[in-house]
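Below, chain A partners chain B and then partners chain C, in two separate complexes.
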Partner chain A sequence: MAGATDSSVVRGDTSTYETVAAVTVGLAAVLFFLGLAATVELVSITGTLAGLPTLTTLGLLLVCMGLAVAGFGLVSYRGIFPTDPRASAGLVAAGLFAGLWGLIGALVFTETLGLGLLGGLGGGLGLGAVAFFATALPREDVGSTLPAGALAAFFGLVFLLGIVGPEWSWSPANFPDSQSVTFFARSVAPFAVMASSLVVGWAAAKAYGGFGARGRHLGAYLLVYLNAVAIIAILVALVAFVVFKGFGPVTEGIEVGLGVGPTTTIGLLGFSVDVVWPVFWPFLMNGASLFTDITGVFPAIVGTAWLVVGAVVLAVPLGVGAAIFLTEYAEQGRFTNVVEVATNALWSTPSIVFGLFGAAFLVPRFAPQKSLIAGMITLGFMLLPLVVITAREAMIAVPDEYRDASAALGVSRWQTIRSVVLPAAMPGVVTGVILGVGRIAGETAPLLLTMGGGSFVEAGRRAKVLGNFQLSLSPPFVTNPELTQATTALPYQLWQVVLTGTGQTAGVDDVTAFGWGTALVLLGVVLAFYAVGIATRQYFRSKLTYE
Partner chain B sequence: MATNHQRDPDGWQSRLASRFARFAEFVQDTENDAVAVGALGTVALLGAFASFLVTSPYTSVFLAGFLAAVVYGWVRHQELAARGVTLAMTVSTVVILALITFFIFYEAWPILADRSGTVFGVTVPGLGMFTTTAWNPATASPKYSMLPMIQGTVLVTLVATAVAGPLGVAAALFISEIAPPAVRELVKPGVEILAGIPSIVYGFLGFTVLSPWASDAFDLVGQGTYLFVGIVVGLMALPTVVSVAEDAINSVPESMKSGSLALGTTDWQTMTTVTIPTAFSGVSAAVLLGVGRAIGETMAATVMLRNTPTVAEPLYNVFYGFETLTSLIAANYGSSSGLQKDALFVAGCILFVSVLALSIGSQLIERRMDRKVGGVE
Partner chain C sequence: MSETEPQAESTARSSETTTGETDERIREEWSDYSFEGEAKLAVEDLDVHYGDDHALKGVSMDIPEESVTALIGPSGCGKSTYLRCLNRMNDRIKAASIDGSVQLDGEEIYQDGVDLVELRKEVGMVFQAPNPFPKSIRDNITYGPRKHGDLDTGLLARLTGRDDSDDADALVQRALEQAAIWDEVEDRLDDNAMGLSGGQQQRLCIARCLAVDPDVILMDEPASALDPVATSKIEDLIEELAEDYTVVVVTHNMQQAARISDQTAVFLTGGELVEYDDTEKIFENPESQRVEDYVTGKFG
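Then we have the complex of A and B:
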């Protein structure tokens, strides 16, 4: 407790320092969002911001914040405000600063000073080394603020002095003409602003915590929280954007009322009933046709439904059976090891490799062309490892007491599995299957190679599997032409839209809008599976905790 | 077991003999009709597999025979039937992996044999596909080089790893150590849903929004950059990294963390000095798996790239995107035949082998971590 003598227990007298640091963190956040807004051109780099040219304003802000952050370090170093810094800012921070400054050095020495590759290498390494030692050698309060403040001040001065003005651009000379790149101020400056505001914000958060363990804690938490917020923001933005773009095309021309919808015939044992839908939703109920106003994705929805059914029928019994054998019957040894490695390898095998396998092995064995059944089996193989893994996890999680209690009643092992283990593991298995189905329902690459055919399919040419089983006297005795011909599915339909590009084709007025509509329907189907899967898991988990 | 093996050079023979003896005993102890049905079912299943391999229409007959055997066994000897059927299902997962391996190499073999090269007098199949840089199937002497696609895959994977690695590990730390329970219940499903968004939807977004923006912002010739494909693919690999890294971090015993906290450290100090070092191997396995996902990601790359195999110059030029191994297959399979189609299978082999190596490597690392953490407890 050597430091206890010169640091007071109550840190009330540091409030000014802490307030300034907190304001700096807030300013860094503002600056970050200004940079973000500039990337999507909400803030114009060539225009004005707060009465001054945008780059001047940003430059002023950066310089101020750079000076403030450097000031925190110096004030703390001179002992004007009591902080408890460590001896060094640490190698991780030093490495990061060395990287950032090295990059700047390399670019400045090669391009601005025109010293070529060797000069750039030397300049980069030199400046990187300076930044490294400036971070690692001095006490923490100086080491983690000076390089950060200098970075912000450097970019600020570059903008203020007009070295990078609104019309600035730079094309690296060693790129060939056919692959040339030009960096404009409008595309590079926002990223420089965002990067330096992150660095400055981190350093200010450390200063706010008074450096040392508490400062590091605050600085790191700031970045980790930002990261989590960014991930969720990206997710929300992605989904919202697809909904925004696709909502119009999907909901076009919906009618509700008795007798407006298409007619479905339900036939059973010779009797048939015509049911007229009370809703007409053209995008979901139409196919592609020159004679309808609104082109829809009905055949693709039917195709995706059949694919999912086929894959589940194949993979779920296989996967659950394998999981039963592995957890309940097999002795843990070489065989179970091999199976485990094989399932994990299958799980990480790229989908396109499954597609190649389906094309080489399954397609020629069912029909001379791509076929629905080849797609079903390929997707089933992709679903299988996921079912095995999740079912196994669920069965391992069943407590051994359950098994022992059942065995003590004198029943056989299979009866124990059937009446004790499987019911207890069922929630986990069901959740895993639902999430897995969500994954394969959006899978595109294997379908290109095994199943997809036709770019815009009419409603009449959808896969009609149920009514088309045919019995015959020659092998293979049961055939179904619908299973052995190519069809479409939602993700495949979207791929066709990309292939078609833009414009008008096959009765589709605006292909891009149709694509957004298809993307929204596909996203809706997949996210519905995920929502149900996650909700099931939460439901069973809450039941388990309260039991 | 290894030492036993060294002491007894013909150990496998005696092991085989004892296995046979056990099997014979099992047959002796089991009722005759059960053994007969089991044998019939096994033969029928093998027959179905063999006739499917040779594309015989009689596959359905064998399959019906197998089903009949299973139904009979289920009614009369449920215990044994269940055991046998689940064993067959387990074996099928291994068989599927073996079939994938065999068939993609089998289909790739013609061009590998055709483009063999000689190094120090040894003939290496397929070497000719790695000594030039041109992919040009439409000329009189077609050239099938894999190098442009390998460059593309490497660049995309590097960018994707730079995105998914740090962000994924930070998110995993957040979910398992930092977030309050209510926030965790929001972020965790969010990350899972990020994995659920189909790759073609990511690709469509990239194709209609990101690529045009990038071409405009950097004044590129045409559309398609490895940089933005890498960022999108990194976003798609992120959930894999998060979930595996989270498992690894969760498996660090609570006692170790509590011990550290009891010494008066901050949460962050505990994470950097205890949690992350202990979970390090598991976290690196997570990043490896994320790299595997990034290598194998297909549709986003196919949709956003130019699909004209060319080497980007200079080699680090991430602002131009031509072709990756995955997009080569997806974009060209429909219109290719002969040697070109075989070349696509070579791309598939490269993908399969590299991802398999990453998968097995990360599993070995994870097991080591399990042993280590288990030993500490």
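Then we have the complex of A and C:
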């Protein structure tokens, strides 16, 4: 396109065209998040927005933006504003618009016009083909703006004219009665708004960049950016939802002051000291009891903590050892490839399968009942493949230069692994363990089969593992009755209380609130393990870097 | 790192037909190359194959002690392979098979019962890219001796009163002084070595190698990743080291070879040692036309 425009390294002052395009991009982003907010009903489709019914406001915005975007294309096409468009918007954009418009065509021809299956097929294919050629054949500035602007204007008009109103609903006739499906405006409209705002936003960003390479860069940047922000928004919303629902039940009845809390006895070598906590937090410190006002989840917290600790203690040495053998000693070839595929497959194995394995092989071997140790080992097996995978990746990432340097100093392979390779791989290993802990701490299915006893346990009957190791002179020399007993854990208790309704008998008044509270505590426990893991990783990392 | 390229081999084969005979005669002549004193390393008919690649073809050369020997030649000529044979680092490459004889102080190093730990303590190595461990400067220096059990600074040693911390400090200072980096790092010995500049890292690697007290130091293009100032420091260091150590340096840089070495071996494509003589002779009046072409920049 040399000579088509004045080429200059320095871009001139911002023009009206660019200002309007930038505003349109911003409006598209706002509209996208309005749509996102409407999906979780933060913005009500049946209510009002900026003084008008929500759908009317959204429709107006969409029409304006559609017209603006089409305007950019025409301004650029007529050469009113110098841009640098390519010959065509490209096949990807054409395919995408063909798909969107084809879908619209099919729906309109079958449902609105009532032309049936064949009419819908023809309408969809026809409109899709028109959109395809309208995108692919003209110059880039027209091809990427007109179909986008038309799409936004179409949805805008549908909302403005009340074709889809707040009370609109659509039940496709082709489903059997027993599976009737109904789409409501409150679920369909937000997605239409989000889709069309993405499309006009992309087109406006391209127009802002003057099409061509810079325009494509800006268009792609907008899509990637909105995508990233939307994902973060969804995650934040999820956590916020749990906190919002669970905060009430969890914080109920907290007392602060000297001597209000429970008493902890710390014993060492025959001496014991009683410590009275200055905080009383019933939900975290109580167990299930008919004599307390507020039923708590203390035994479940203890159970989950022991499960995670047990699984990590089991899986990390085994997994790291296997990874050392596979990366440092085994010849890279068919055997290591098979092991790699097998560990990956093991990591994707459904947890209920691990649970069944635990129930069949572990439970009968340790105690003839479901037990804490069977749960620990089952979860340890679940964690093992991830530790192997991440430890292996981390060790492969350790530069061979370190191994060469160590070998050239006459240091043996094992000493090299221990002093150079493992320290350098440690942050990666810890990252893997952190990820794995998040998964196993929330596992419910294996615990149902291997560990779960009564779901509501009194505070006094929690798993008191540390205080119950008993030495004996006959094998196995160390026994711990707590390990061979069934106990409870947070996800298990959550499942019990929400699904089986056993809570009422244990003094829980509001089962749903108790469930949300348990979920929040579970989230907190997992985050606490994360914090420990991140601190550990930081410790190992600080030993490797020069900060 | 692959040492041979198929292309290189084919050029070697074509030039062999024209110059092979004269090269053979010249090799006969310089194989009488004699120097004063003992041969520290004596290499006889060394052949290396990487799978089907014949990377080194029947190389024989004796290396005198307490001197700098430079190995020069174009990429893929086998000079690094040769260097890595001298402390059996090629054993770490599974595809490599090595035939021939290498004697260190008259003892064959390619035979059963050779202790690789002892061999590599005698024959140290410095690599092309600086490769300090991600540990403190002090730990980098003491790494070798500690792993060999010559220094014990662990907790148990401290508790039982067998602590070698003073010896370790003395060793760290000696090695860093020998590598001419002590003045730059003496007040930050506990900082991570990765924070040093490239040139400092390379001198630290030389110090790390000196800390295990070797007789021979092999250097594989030790300055090729460094800037001119750092390079000249490394070159000065090599010349100083030659007073006490036997240094063998692979280099791409012919000026460097001419500046620092006492004798030079020229490897040309195909893994052949074409000429080996006093450095002055190689650069001013080589026997082989190919070597003259190479050192004057007409080829390679």
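The definition used in the following text is that the second predicted complex is superposed on the first by the 405 of 547 C-alpha atoms of A that agree within 3 Å, B and C clash if a C-alpha of one lies under 4 Å from a C-alpha of the other, contacts with A are read in each partner's own complex, and residues count from 1 in each chain.
By definition in this document, a residue touches a chain if its C-beta (ideal position, glycine included) is under 8 Å from a C-beta of that chain, and two chains touch if they have at least 3 such contacts.
Just so we're clear, the structure is a prediction, and the values are computed from it rather than from any experiment.
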Practice prompt. Please determine whether it is chain B or chain C that touches the greater number of chain A residues.
Written response: B
Practice prompt. Examine A:G442 and indicate which partner it touches, taking first as chain B and second as chain C; both and neither are also allowed.
Written response: first
Item to complete: Mind working out whether A:A220 is in touch with chain B, chain C, both or neither, as first, second, both or neither?
Response: first
Worksheet entry | chain B versus chain C as contact partner of A:V30, first or second or both or neither | neither
Discussion item. Tell me the contact category for A:I534 with respect to chain B and chain C: first, second, both or neither.
Written reply: first
Worksheet item: Given the touch rule stated above, what does A:L118 touch, chain B (first), chain C (second), both, or neither?
Response: neither
Item to complete: Check whether A:I232 is in contact with chain B, with chain C, with both or with neither, and answer first, second, both or neither.
Response: first
Worksheet item: Looking at the overlay, does A:A519 come into contact with chain B only (first), chain C only (second), both, or neither?
Response: first
Worksheet item: Between chain B (first) and chain C (second), which, if any, makes contact with A:L161: first, second, both or neither?
Response: neither
Discussion item. Between chain B and chain C, whom does A:L384 touch in the aligned arrangement: first, second, both, or neither?
Written reply: first
Fill in: Set of chain A residues, in rising order, touched by both chain B and chain C
412
Response to the item:
Note: in the complex, chain B contacts chain A through residues 52, 55, 57-61, 78-79, 82-83, 85-90, 92-94, 96-97, 99-100, 103-104, 106-107, 167, 170-171, 173-175, 178-179, 183, 185-187, 189-205, 207-209, 217-221, 235, 238, 265-269, 289, 292-293, 295-299, 302-303, 312-314, 317, 319-320, 326, 329-330, 333-334, 344-345, 348, 351-352, 355-356, 358-360, 363
Worksheet entry | Residues of chain A touching chain C in the complex | 331, 399, 401-402, 404-412, 415, 419-420, 423-424, 543-546
Worksheet item: Which bits of chain C are touching chain A when the two form their complex?
Response: 87, 89, 92, 94, 116-121, 124-125, 127, 129, 131-135, 143-144, 147-148, 191-195, 205, 208-209, 212
Discussion item. Can you tell me which positions in chain A touch chain B when the two form their complex?
Written reply: 169, 171, 174-176, 178-184, 186-187, 213-214, 216-217, 220-221, 223-225, 227-228, 230-232, 234-235, 238-239, 241-242, 317-319, 321-322, 324-326, 329-330, 338-357, 359-361, 364-365, 381, 384-385, 388, 412-414, 417-418, 435, 438-439, 441-445, 448-449, 474-478, 491, 494-495, 497-498, 512, 515-516, 519, 522-523, 526-527, 529-530, 534, 538
